[in-house]
Structures are given as structure tokens and as C-alpha cells.
Amino acid sequence: MFSLANPKRFMDASGKVLPWLAVATAVLLTVGLTLALSVPPDYQQGDAVRIMFVHVPAAWVAMMAYGLMALAAAVGLIWRAPLADVAMKTAAPLGAVFTALGLVTGSLWGRPMWGAFWVWDGRLTSFLLLLFLYLGIMALGNAIEDETRAVRASGILAIVGAVNLPIIHFSVRWWTTLHQGESLLRKGGPSIAPVFLWPLAVMALAYTLLFFSLWIVRMRTTILERKAAVLRITGRA
Amino acid sequence: MTLALDIDKLTCVRAHRVLFEALSLVLTAGAFVSLQGPNGAGKTSLLRIIAGFLTPAAGIVRIRTETGAILTDGEDRARAVGWLGHQDAVKLQLTVGEQLSFWSKLYGDGAAALAPFGLAPLAEVPGQFLSAGQKRRLALARLTLTKRKLWLLDEPLAALDAAGKVLVAQSVRAHCAAGGIAIAATHEPLGVDGLTLHLGGP
Amino acid sequence: MNALRSLIARDLVLALRAGGGAALALAFFAAVATLVPLGIGPDLKLLARIAAGVLWVAAVLAALLSLDRLFQADFEDGSLDLMALSPLSLEAVALAKIAAHWLSTGLPLTLIAAVLAVAYGLPANGTGALVASLLIGTPAVSAIGGIGAALTLSIRRGGLILPFIVLPLIAPVVIFGSGAVLAVLDGLASGAFLFLAAFSLLAVVLSPFAAAAGVRLNLGS
Amino acid sequence: MNALRSLIARDLVLALRAGGGAALALAFFAAVATLVPLGIGPDLKLLARIAAGVLWVAAVLAALLSLDRLFQADFEDGSLDLMALSPLSLEAVALAKIAAHWLSTGLPLTLIAAVLAVAYGLPANGTGALVASLLIGTPAVSAIGGIGAALTLSIRRGGLILPFIVLPLIAPVVIFGSGAVLAVLDGLASGAFLFLAAFSLLAVVLSPFAAAAGVRLNLGS
Amino acid sequence: MTLALDIDKLTCVRAHRVLFEALSLVLTAGAFVSLQGPNGAGKTSLLRIIAGFLTPAAGIVRIRTETGAILTDGEDRARAVGWLGHQDAVKLQLTVGEQLSFWSKLYGDGAAALAPFGLAPLAEVPGQFLSAGQKRRLALARLTLTKRKLWLLDEPLAALDAAGKVLVAQSVRAHCAAGGIAIAATHEPLGVDGLTLHLGGP
């Protein structure tokens, strides 16, 4: 009656991977933070440059999370895959947290660099809008009582909202802006001093793994909760 | 020119409450069903499931058309349904004539029949000025012009006077005689021969 | 085609005749444009500088004003049920409603903006650019608003959620739109018009599907 | 008093919970404030210069947004009939509805404006003046809007008439309100605050009578 | 504790059409009137005139209260009226409990009676989820809590199931037995003894 296609394979596989993922995340985070604190101060920015190692990866993961969420939403809508629904639903709050982190660290960095916590430029504004999108998706999902309808509705929004991703990325090119231009993901290779590049790469990987670990954990708990709910209803009936 | 409706082990759950379970019913051309039951029994919900608006928790609804095609998908089924909802879908700002001509264009070429429902003198009157029963008559006129084979009627007699009630009975009888199927959720006998389906109840 | 046209015509009549959004939106637009100089003070140089931005924002908001009721009225009185059962697909219904909304607000807004731009002291090339950008950009506003309206149809807290849904999607339109005008004013080459057109096209093509999916979900509520 | 209070409380709940105006108004206000810098470009000096005007206009429009449905929803579903038959006079009903509207939009708008003023780079004394002027002026907006909403209740062309009734009455509020802020910024003495307070008081005292008369007319239709 | 209603030579004109002319009626405590007539006859219009919403083209309505006061002004009369309109005045966003407690505060201290109308299990349910009959029951519960002496009922039986209809009849009987007056516009016999007033119709 409550036909939840049993994502048993996912539970088995993720159960095996999760411990390794958690360990790798912890190791990379430690290494990355140590490196970040040990690089020499920047000749222009001084110690403020260290914010980069927490800011840039947070912003990247926030965007990646959105992309994955939209993908999951599409899979859920097209193939009616329950696992994709769970993935979509659980990615939103995580992505929102990383977005908030990127906003906070960015604006802490902005104070010494630009003299203001906030400016209304294309990158900052479009990234703020990403947070709004995440919040809208979560709010829409919560506002509809019926589970499947909730996931479908917020999934449609997630897919539509994906247009914001390229806008965030290219905003620095499309507007005259205060924000740092593309310095890593650009044609012609990165334009950052190698001393900063390595710690940044490690931190980026660490954040990514952190996101995946948290995502898997949340997916597993959601699946278990649903099983419990189904048992409750059918058990009583 | 006929169709058959096949309701198979439907279960309806609303707000975590099971309204009906494993409901099955097969209707062939000309059948009329009076759907009865106390307030909140799930009559409207059943009609919405048949129309394809609502997805049942379990079970399936099939329509067999004259060409032998079997429609299970909600959207295909929708094209066979004539709907008279509890709400009249009357726009306050449009005149009776405007509304009927709009719906007849939307549904195809059925001409708007004002006269049989006593609407002829009201053609120029905007929806805002209609009395409750006049609105209901407008909804009935719209139902007949859609020329659909499967009528789903939610309290068709609401707000109608004695003459209006007779009119509904006549329309339904004519519809069934022409090979149509009609299901009417009602708290008052319609005066049409047919099955009675009780929902809910103690 | 006949059915589609009659649906558009009906929505236009409703928008124009009723307490239906169109007049309200236009009056609102005129109101913003009248009030802003009152609030800022009559500095013509300043006004010309902010004209493009203010008029674009005002136009978008005026268009959004009535959008939350794009499907709502028909949903509440049962008309949407009947439309879903009609030979038209819900995608076509959504497209018709979006088109009617644009015809009754986006288009007249653009025309009014031309007049207001002159009153704000925008030079001729700027006015031309403003009108062109509005003409290209407002369909996207109607389209995106339509998605939001469909998704929040049966939600009891719809009011809060709608802006969150629509704002992030609309912002690019405002940015490209007013950016295009500013670029023309400053004599710069810019791809803003191109981006605007691409974005608008994408929005108009995709929105009927997204909106229809949203409506379908909510009819089951 | 108890009846009045419960009516205010109910309207507040509806405004906050529903697709009810309050959240929409606040989101709309925030949206204007977010979009304007996008439309004008990130020039902080320019932004600070127009902040008072833009925020005042945005606040007034956001407050007016939901006003056209102040009586409409209760009129359409029959609740207004029942209110007219209750021990409360229609004047009291109108007053309660206006008060609830101000509490759910005017007041929070004022608070949000304080935050936005800072984001627009308005100096501290300007922010103070803006908040004070909004606090004094927004009740007049709710009151005047209430009159318009009552008068246009059952008019099928209400949408068109509302702005024409309301705008001329609202314009003085915007002029005095933003004028008061500009005067403080420029260090000038001005009677704007006094005028604003007098106008607001007058509007709040008279509006329940005018609005009740409008409602009474429309119940007979 | 009783009142009397005195309707004197009422004429009602709507949209340039005379609906009824020189209608007179005197009702004393305990009277029940069933108001009948075809759709558009003017039943709802008459009820709105008595309630003081609509001004008649001619004639006057008077209420004599127990203190001997004679209320002719619409607004004074309003304070005696218990109203059950064709519309249910149910807010979709508020729960059944919230709505009843609001109306009971607005009308004074009448406590909200959920149980007799089968609403007790629905106290926490928002109006949006109510079935048609459940909404009507909510409106009925509200009517009884207003404790008014003159009931004006517009199609009180609409959307109600058999049990609901019995409930209405009982409520009206109890109301009249306690010295109240009730006028019900209806297309279906209410099952309460009293006068019948026919409007319009050939």
C-alpha cells in the first residue's frame, strides 16, 4: 500500500563506505587547516588571506550541492525513483548551510579587503539569491503535507532554479565587480600563487568529502525514519 | 459511442485516515450510480480520483472506450469526464452568455444551450448578480455542452428549485439512455433508476 | 488553437474588466514612477541616472503584483478543475494564462515606461534601450511568476514562499535588463541584450511545463 | 474591547499564516530593496543619496499591496455579513482591520527598513529619521488604504479605481516622510515631522468612519 | 425574552425587475416560516432585507423587542439577527476550533459547541481540509453560539447528510420552542411545523 521502493542496496553500500569517508574527511580537514595556518601571509592581504581557505571551498561546495540536488530532482521526477527523492530532499538544508558559510566568511573577508561587510555586486547578490533559493525549496517542501507532492513541487523549483548557477559563476565576468575574478576555474589555468594553491586544493577536497558524508548520513536517517513511519501505519491498520 | 468504467480495489487515504479500502465497481454504458454516505465519508474524494485529479493510495481506475482503448492514465481519462463540482466555477465579472461561449469553445464545438435551464433571459447578466440556483443552472448548462460520456456530479441538486431538480433528473436519464455513465454524490434521491453505493457509515 | 485563443481572450477580459490585476499593475507602475521623484527630490541629473534601474524594478514588481493570483482564482472557484478536464493540455492552459498575463501587463507596462522614461529625462537612445529591454524581458517575468504561482497554489503559507521562489529567478532579468540600458547610455558594448533574450526565451519555453506540473500536483490536494 | 481584540488577533493570524498579505508585503519590500541596487549599479554614494526616497516608496507600496483585499476576502466568503451583524459596530470592525493591517505590515516594514537603511549606507542619523518617519507615517497608509478598499469592495472595476482614490491621499505621506529624512541628513530644520504626525493622526481618526460607510454601501449589493 | 417581527408592505426591486411587491407578514415568538419559490424568486433578497443589509424599494421591517422597543433602523435590527448565509464564511487557513472561538468572542460569551454537530474530532483541522458538509456544520455551530432570537437561514440543508438535516430540524425546533423566530429559505422541506411563504412563481 505505501509502496516505497526499498532502497536496500543504497543502505548496504553506504553503510560500508561511510566510515572510510568520515575518516578521509577528518584527515583532509586536519591537513588542510594546518597547511592553511602555516602559509606565509600574503604581501597585500596579510593574514586575512587565510579566510580564503574556508571561504572559497564553502562557496564551491554550496554550488556543487545545488547542482547535485537539481540532478536528483530531475531523476526523481522522470523515473519516480524514491532514492532520488530522498537525495533531493536532504541536499537542500546541507547546501543552505554551506551557502550561509560562504556568505559569512566572504563578508568577514570583505571587511578588511573592501572596507564593507556587504556590497551589492553581481557575485554577492546572486550568491545571496542562491541562499534564498535553498530556503524557498525547503519552505515549499515543508508547506505541503503530502510527502510525494512536497518532493515533486520542490523538485520542480530546484530544477528551474539551476539557471542561477552559471549566473553566479560568470557574474564576475558580466559585471564590473569588486569580487575576485575567476582565478582557478578559468581558461589558461589558475592564476594563484602555488603556495596558496595546494592548501586550497586540499581544503576543497575536504569540504567536498564533508558534504558527501553529511549527505549520506542524512539520507540514511531519512530512509530509516520512513520505514518506521510505514511500520507504524500498517502495524496499526 | 459507449464506454465502460472499471474501478479496481481503490483505497483512499486523506490526512492519514483511510476513507475507503479496496473499493471495486464495474460500470457499463447506461449505468447510473448514486453515491451516498455521511458528511466526510469520501464521496467527493472518490469522484476526484475517478476524474484523475487525486492519486489513490492503492488501486486503479480504467476507462474502456468504444475503440477498445483502455485509459488508465489520469490525463487520458480526463478527456472522457464531464464534471459538475461542488463549486460552480462561475466568474462574477463575466455574463452568463460570455461564460458559456467560453467553455463551449474550450471544450470543442458544443453550442451553449441556455433555454432548457431557464437561463435565456439571463444571458446578459453578470455572474455577480445571479442567485445561488441560477449559478447552479449555469454549471449544469456547461456540463451538458461538454458532450462527455462519463458524468461525475457532486451534489447536483444543491440550490436548485423543484423544477431544477426535475431538469437534472431528466438530463441524467437522457445521458444514460444515450449510452453515457453518470455517478452522482448526493444527499437527496435524484429520482433516477440505478445502483446505490454507500460510503463510510457506521 | 481556437481553444487556446479563447482562453487567452477570456483571461484578458477578466484582467481588464475585474478588480483583475491589469489596471492595478499599471496604476501601481505609474504610482512608483510618480512617487520616486517625490521621495528623492527633483534633481533631474540624479533622476536620469537612476531612471533605468527604477523603471525596471517598478515594472517587474508591478507585473509580479497580480501574478500570485494567476491560477489562484480559477483554482478556488473550481474553474481549474474544468480546464484540466478540457481537451487542452495543462501545459497549453499554463501557456495561455502566461500569455494573457503578459499581454495585459507586460506589454502595456512597456508602453507606459516609454512615456515615463522621457519624464525622467532619459535621453532618446536610453529610452529606446529601455523599451527594447522591457519588451524582451517582461515575458520572462510573466513566465517565471507563473511557475511560482502554480507551485504555491494550494499552500496555506503561499504568501511567504512565493517571493523566495520568484525573486532569485527574476533577479537576472532585472540585472540584464537595466544593465543593457546602462551600457547603451555609457556607449559601451555589452552582451546584456543577448543574455536577456536568451534568458527570456528559456523562461518562456520551459515555464509552461514547470507550471503545468505545479498545477497538476495541486489539483490532487 | 474583547471583541475588538479578538478581531485584531484573528486578522493578524490570517495575515501571517495565509497567502495572507503580511509576509508578501515584507518579502516584496525586501525584494525592492534587493533589486534596486541591481538595477542602478553598486555605487554606494548614489545608493545612500536615494535610500530614503526608495525605501519610503517601497514601504508605502508594500503596505498598499495587500490592502485591496483588506475587506475583500471577508466580503466574498460571507464573513463580513456576520461581522456586520455582530455587537461590534462596522466602524469598530474597520478600525480593527486597519490596526491589524498596520501591525502586520507597517510595523515590521519599519523594522526591516532600519536594517536595509544600513545596507544602503545611510548614516546613523538618517536611519533614525527614516525609522521615526515610517513609524509615524505608516498608520496613515493603512488608514487611507482601508478607505479605498472599502469603497471599491463590490465594484467590478475596483482595480482601476483603488489607486486613483488612494494615490492622491498617500502622496503627501511620502513627500513629508522622505522630506523629513532628507532634512535631517542635510542638517536642516523642517516642519516635515510635524506635518506627517498631524496628517497621520487625522487619517487614523477619520478612516474608520469613511471605511464603515463604504462597507455598509457594499453589503447591500 | 421574546421578540416579534413585523414586515410591512415590502417591495424589492433588483436590476430593474420587481421581485415581490407589498409583502406583509407579522411573526410572533416561536414562529417558523419556510420561504419557498423558484430560483431567482427573491428569497435571499428578502432575507437580506430583513437582516438590514439591503434597503427595500418600499415598505419597512420592524422588530419589537421584549423591552417594548421597536427597532426599524437596519443597524439596530442587525443586533437581533442570527445569520446562516448561503456561503459558509469558513476560512481555509484557520482550524475549526480557531474559527469557532473567534466568532464566539466576537458575538459575546457563547461557548463554542463542537460536539452536537459532529465537529469535535475536527477541532484541529484547517478549513481547507473540510468536506462540503463539514463546512456547513461549522456554519451551523456558529449560528447557535450567537444566541440570537431571529434566525435567518438561507438553504440550511445544503450539503448536509441525513443526520445533519435532522440536526438542523432539531435546532430550529428548539430555537422556536425557546421563543425564537426562524425564517428559512429552502428548496427541501425542513421538517418543522410552521408557515410557508411562497415567493414568485406563476
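Letters A, B, C, D and E name the chains as they come in the text, with residue numbers starting at 1 for each one.
By our rule, a residue touches a chain if its C-beta (ideal position, glycine included) is under 8 Å from a C-beta of that chain, and two chains touch if they have at least 3 such contacts.
No experiment lies behind these values; they were computed from the predicted model shown.
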| request: Work out which chains are contact partners of both chain C and chain E. | output: B, D
| request: Can you pull out the chain pair that has more C-beta pairs in contact than any other? | output: C-D
| field | Most distant chain from chain E, judged by the mean position of its C-alpha atoms | value | A
| field | Most central chain, judged by mean C-alpha position against the global CA mean | value | C
| task | Go ahead and note the Å separation of the Cα centroids belonging to chain D and chain E. | result | 36
| query | Whole-Å distance, chain B centre to chain D centre, using C-alpha means? | reply | 45
| Distance from the CA centroid of chain A to that of chain E, rounded to the nearest Å? | 59
| remark: So, in whole Å, the Cα centroid of chain B is separated from that of chain E by 30
| task | Would you pick out the residues of chain C that each touch at least 2 other chains? | result | 17-18, 20, 152, 154-158, 160, 164, 167, 171, 175, 220
| Where in chain B do residues touch two or more other chains at once? | 15, 86, 92-93
| request: Quick one: which residues in chain A touch 2 or more of the other chains? | output: 122, 125
| task | Using the touch rule from the top, collect the residues of chain C that touch chain D in their complex. | result | 17-24, 27-28, 30-32, 34-36, 38-41, 46, 49-50, 52-54, 56-57, 60-61, 65, 68, 72, 152, 155-160, 162-164, 167, 170-171, 174-175, 177-178, 182
| note | Counting only contacts in the complex, chain C reaches chain B at residues 2-3, 6-7, 9-10, 13-14, 17-18, 20, 74, 76-79, 81-89, 219-220
| remark: Interface with chain E, chain B side, in the complex: residues 14-15, 37-41, 44, 86, 118, 125, 129-134, 136-137, 154-155, 158-165, 187-188
| Partner chain D, residues of chain E touching it in the complex | 48, 51, 53-55, 75, 78-79, 81-83, 85-94, 98, 102-103, 105-108, 142, 146, 148
| message | Quick check: in the complex, which residue numbers of chain A touch chain C? | response | 77, 122, 125-126, 129-130, 132-133, 135-136, 139-140, 143-144, 146, 149, 152-153, 156-157, 159-161, 163-164, 167, 174-175
